[in-house]
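Several structures are given next for inspection.
Next, two complexes with subunit A in common: one pairs it with subunit B, the other with subunit C.
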Partner chain A sequence: MPADSAAVKAASQPEVLLEVDNVSLAFGGVQAIRNVSFDIRKGEIRAIIGPNGAGKTSMLNCINGFYHPQVGTITFKGVKRADMKPHDAAAQGISRTFQNIALFAGMTTLDNIMSGRNLKMNKNFFWQLLYFGPARDEEIAHRGKVEEIIDFLEIQHIRKTPVGQLPYGLQKRVELGRALAAEPDLLLLDEPMAGMNLEEKEDMSRFVIDVNEQFGTTIALIEHDMGVVMDLSNRVVVLDHGEKIADGTPDEVKSNQDVIDAYLGVAH
Partner chain B sequence: MVTGGAEAHQEDTFPKLLLRNAERFAERPAMREKDLGIWQAWTWKEMRGEVRNFALGLAELGLRRGDKMTIVGDNRPRLYWAICAAQSLGAIPVPVYQDAVAEEMGYVLAHAEVTFAVVENQEQVDKLLEIGETYKGISHIIYHEPRGLKNYRIGGLMSFDAVQKLGAERFSREGEDWWLGEIAKGGPADTAIMLYTSGTTGRPKGVVLTMGSVMWAAEAGNRFDKLDENDEVIAYLPMAWVGDHVLSYAQSFAAGYCINCPENRETIVEDRREIGTTYAFAPPRPYESLITQTMVRMEDAGRLKKAMFDYFLGVAKRVGERILDGEPVSAKDRLLYWLGDVLVYAPLKNRFGISKIRVSYTAGEAIGPEVFRFFRSIGMNLKQLYGQTEASVYITNQPDAEIFADTVGRPIEGVEVKIADSGEVMYRSPGVFKEYYKNPEATAAAKTPDGWVHSGDAGFFDESGQLKIIDRAKDVGHLNDGTLFPPKYIENKLKFYPNIREAVAFGDKRDFVTCFINIDLSAVGAWAERNNVVYASYQELAGNPQVYEMIEKHVEEVNRELAREERVAGAQIHRFLILHKELDPDDGEITRTAKVRRALINERYAVLIDALYDPKKTRQHIRTEVTFEDGRKGVIEGDVEIRDVKTVGREPAFKEAAE
Partner chain C sequence: MDILYAIFVDPFVQMGANPVFFLKVMWEGLVAGMLYALIALGFVLIFKASSVFNFAQGIMVVFAALTLVGLHALGLPAYVALILTIAVMYALALGVERLVLRPLVNQPDIILFMATIGLTYFLVGFGEFVFGGDPKQMITSDLGLPHGIYRFHLMHKVLIVQKLDVVAAIIAVIMVTGLAIFFNKTRIGRALRAVADDHQAALSVGISLNQIWVIVWFAAGLVALVTGIMWSAKSDVSFALQIVALKALPVLILGGLTSIPGAIVGGLIIGVGEKLGELYWGRLLGGGIDAWLAYFIALAFLLFRPQGLFGEKIIERV
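Then we have the complex of A and B:
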């Protein structure tokens, strides 16, 4: 048995899944994003990093249609996108988690994840109300999918626990589960490891890698923990004051002087 | 073997029993596993096919008679099938504790010369690959759960499905005659399994058990408690523990009852409730944690509920055990108990998932009498047995209605027990182990030429003929004034308090008794939350003065209890401290079955022990190396406070006179 056992990373596909081209976003006089361009390739884990207020979350909000950039274009799966609502983005295959958990606190883990299947349900309200015939078959199929996610994230023991009662780390996992339930092509994770301890971070990193490997889901994530970012991602884009200052592999970014300056500050 | 002997000789190995069961119980469930939220079942007939395909696959990969195959993981049907598949080919299964760190596991695998490994998931695969850097003997690693392993490109690594597919192909080419022939070659003298004992001293030893021994244990156990194919058992204890092997494998094959594998470790109580298990066997720890969880939750309950709970537990404590044993009880108490059952005991048992339990055993180490009585008083037929890996479990069992908290019952049929002059319990039975693998000195030290085994436990028979175990023979000591010092006995009294998870008492060849305490993080943590005590770590909570106050009260109460018992009244606790870290099997401080390793603790915490016996010291600095779950090392250090505790005068009159 060979000793060097490290998993071999799948060679990244060059095909571009999402292209951000020269995007600018302003709130009144505040320029949140300035002429930013980068791409996300199919099957990769792409990190967006930068100091506080760099425009990372704004960028994510543009990608999933919550904000509409005044300048520039976003192309997803080869289609240039017109102004759209978040649920249109979701229907196209983009789902996300939030910096501050946005689950239904009174609902169980199961129901929360099930809600992520909503867009996949075809039967109309009337059938669902009756829970009969095709609506029932459909719900059973969806439940099967949800159970796979529960199994995948190892949260069987909290299946029927209202998420409001769960510790923070598990809530984060449930939120990831709900995002996965939509079977997205692109998964946006906004600080998935914020506020976690080391062990929880390790678990979460494992899940992110597994999602990427197992389902082939493309992932874009914002994260402050540099160790996590450098370990997880294939490529990193760095924003500072709304502008892109670096883009490349973790190693390239790490040694980039502009990035070091942005994080540590420079004497002016 | 008086009854059923003739039948036993036809099927004298477990693979042969599998063939029999596949005909006799064909459509009855042999195993269930909860997967994706639904219980999946395999009948005996289906299981036969699964085992056959896997066995043929293993044969294709080169597993031969006498080869060793390790099994690592939580209780999964496939891992049990792997045991049977190996046995059917004459190979020897060597299950190891799934939470062992790589170094510990590596020792066992190298010592046993394991060549095949069947493991549950990526975590275990990684561990085996790490072991592979030093022990080169493993040629094949077969995994159950493919998740995370997609991009591993390693020779000899393959999935359980792939091996079964190999087997199925061979089956479709040439049928199963060859396999049946291999099974027919097996006999009672073959090695059935090797189980490494965690051992509180030194390196683990590989206990070699023959088919004949394990088969005897399976039949003796089934006969004693009248188990048959209608029983339901949940398998959740480590597969490397002899208790699980005999209960969840051997006895199931012999009786034909169904084994249920829980969804994961955290869902056991829920899964047990869904299945309604009828027979159970567990070390004291799971029972203790059920009580701890309940007590913690009741602290948070409303005042009415809490009052009801306390009142009816009082009733149960007074009359519950007598009702269970069929003794006469007044009509009023019977009525109260019935009411208590409706309001408290039955819902509680339902919560625990033990409503349908006919017989439940505790073994592995001494159970606290309070824990034991608690379960009996609410109507669960909890009994004690005394067993060892070296005996294929069974030595003594408590017969129904002869249950005492401080005895372990009578020798089960076929077992002879005697007490050596040294006070050590010795036994001889058909279940006795063959040898310690590759360790003739240890074998010779433990087993006499005529088959008597030194148990290592001190004990005696009481007036009613039941065996009483006092402690590990080598642990029982004496204070300098000659007072008996049984550490386990004192520790168990402490551990009944939900706030105390572990305790280690000192006193042998000392002037008085002292102890270390580990607080229970869930219980004390819940208390901290209620009282707005902020803490960031175990260490911080353990050092909290209010926590010390609370633990001090518990220790004082234990002293009062000890004072009431003549033999141990002198062994009251004079000083104690709360350890800055939890005793952890990863650090070797307790075994995987939660037995305290005293020698190691004496060595590692020598400064703390010295401080306990230095009256001038009220604080002591300590630095300890710890091992994290992934095997990395770190250091925890800090100051630990030492408290004096009030003791209760044994003979106050005498004391006053002396002053």
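Then we have the complex of A and C:
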């Protein structure tokens, strides 16, 4: 990622796609997120980092509607959302991958990615039941789009393989494909490179950058590999114990004393 | 020696000696098997989409048949009654989703299983309350189902086939083909399988669990209605029918809980196996073996192939 293009993006200040305002989330007595605010601008790659248990995945789950924060608001595309269900979030253009892969293990790669187009397909139950006429045409049209994604992710060879049988790295890629199939406005990636070897990480980084540049998809990314985070992201927000401790460009964050303390630990 | 002869030779000699009788037994077995398969199909539909073993499938068959007969008894024309019954099955699906599944979302499978047992007793009580407990006649001729027989002359003997059985077979084949295509080729079918695999992931691609559950329970309700009509056309509409639904268990074990073709093939194997076993081998054990032979076959399958003939292979990565 050329550094100057990031600078240009930051300078032109594109509109805010998603705004998290003063969000708090608790599970019983455990405060997972405490008064966190940040925004995600259109077209950027925004990293969310922090030590284990910092509340990163909880944050993602709030954005995508799995959790409902007790305090604070989330505004997406200028609309403040009430407590929404995950499938409503998906309908508004948010799709995601999971930290522990959540694929449909018994289905083939093709079917998994096709399922990502669920919301783009709308022929009703009646036609579906007959599998005739409009429903069939629709199926064929969407299949074309899915093949493009399969080409893009270079997974042609596993098109018909049940994903449960695939190695971990490829499963991660299929999961990305399923998220892309929805043509999301905001793509949430929860540790897309966890557990990968160097080569797989490089491949995945390339896909993330390509998605961002070719499709213009805004991406929010949780990742532990600092090298990857610094290379990929335009801006980074750092959480620790549920609180935001830093927010800025990778360079700013890297030199922030609180961040260094959080990662290395300090004597209290 | 005699016993070996009686087991391995004599039955086949008999089959060869009277092939028309053998064909008749086969046909009866296939018809019975098809009805088992239809019941099993209802189980498979719901299990595939929600991994809930729906204990209430048997009573849903009875309930659908009772509703149809009951509505007709009110003086409604048969086809109006049929359409209204379909509406009742849809309402049942909505009710089950709203009142049973939704409050129990994310509970362990065993809890949902227990809930379907509760549903069974509710439907028994409700059905008896509304329609009364006495057996009723299925409105076969009003629905335009044929009665009477076909005679085939084979080798100087007569093979008699009920017209109703032929129609039942045709309807079953159409329904099963339709469901198989629906499950494998369409968006909603894919969504059903997705929900079965992983709730969270299904939600994240925009599948509404509630909607899927209604669809799948409605589909199971429709299958129950067709099964109910076919079964009760051969006997009566009564609550005793739900016992027959237990025959679906060995079928499911044989065919695999998640496989539509498995339900069909399993049903046919059990149906034919029972009839052949009873008529050719039964007297070795004093007769009446069709009552338990199916369960015995199922047990053997559990030992050697627990996922069934066509069940999804259990993939576990360590």
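Please note the rule applied: the second predicted complex is superposed on the first by the 255 of 268 C-alpha atoms of A that agree within 3 Å, B and C clash if a C-alpha of one lies under 4 Å from a C-alpha of the other, contacts with A are read in each partner's own complex, and residues count from 1 in each chain.
Rule of thumb we're sticking to: contacts are C-beta pairs under 8 Å (C-beta built on N, C-alpha and C of every residue); 3 or more make two chains touch, one makes a residue touch a chain.
Just so it is clear, the structure is predicted and the values come from calculations on it, not from any experiment.
Q: Touching A:Gln156, do we find subunit B (first), subunit C (second), both, or neither?
A: It touches subunit B, and subunit C stays clear.
Q: Of the two partner chains, subunit B (first) and subunit C (second), which one does A:Ala182 touch, if any: first, second, both, or neither?
A: The second partner, subunit C, only.
Q: Looking only at subunit A, is it subunit B or subunit C that touches more of its residues?
A: Of subunit B and subunit C, more residues of subunit A lie in contact with C.
Q: Examine A:Met107 and indicate which partner it touches, taking first as subunit B and second as subunit C; both and neither are also allowed.
A: second
Q: Given the touch rule stated above, what does A:Gly248 touch, subunit B (first), subunit C (second), both, or neither?
A: Touch status of A:Gly248: no partner.
Q: Look at A:Gln214 in the shared chain and tell me whether it touches subunit B only, subunit C only, both, or neither; answer first, second, both or neither.
A: A:Gln214 sits against subunit B, while subunit C stays out of touch.
Q: Is A:Gly169 touching anything from subunit B or subunit C once the two structures are fitted on A? First, second, both or neither.
A: After superposition on chain A, A:Gly169 lies in contact with neither partner.
Q: A:Pro51 in the overlay: touching subunit B, subunit C, both, or neither? Say first, second, both or neither.
A: In the superposition, A:Pro51 contacts neither subunit B nor subunit C.
Q: Along subunit A, where are the residues that touch subunit B in the complex?
A: Subunit A reaches subunit B through residues 1-3, 5, 7-10, 144, 147-148, 150-152, 154, 156-157, 159, 199, 206, 209-210, 213-214.
Q: Can you tell me which positions in subunit B touch subunit A when the two form their complex?
A: 34-38, 126, 129-130, 132-133, 136, 138-139, 141, 147-148, 150-157, 263-264, 266-267, 270, 629
Q: Quick check on the complex: what are the subunit A residues that touch subunit C?
A: 64, 66, 85-87, 90-91, 95-96, 98, 102-107, 111, 114-119, 121, 123, 125, 128-131, 135, 138-139, 162, 164-165, 178-179, 181-182
Q: How about subunit C: which of its residues touch subunit A in the complex?
A: Residues 178, 181-182, 185-191, 193-194, 196-198, 200-209, 215, 258, 312, 315, 317.
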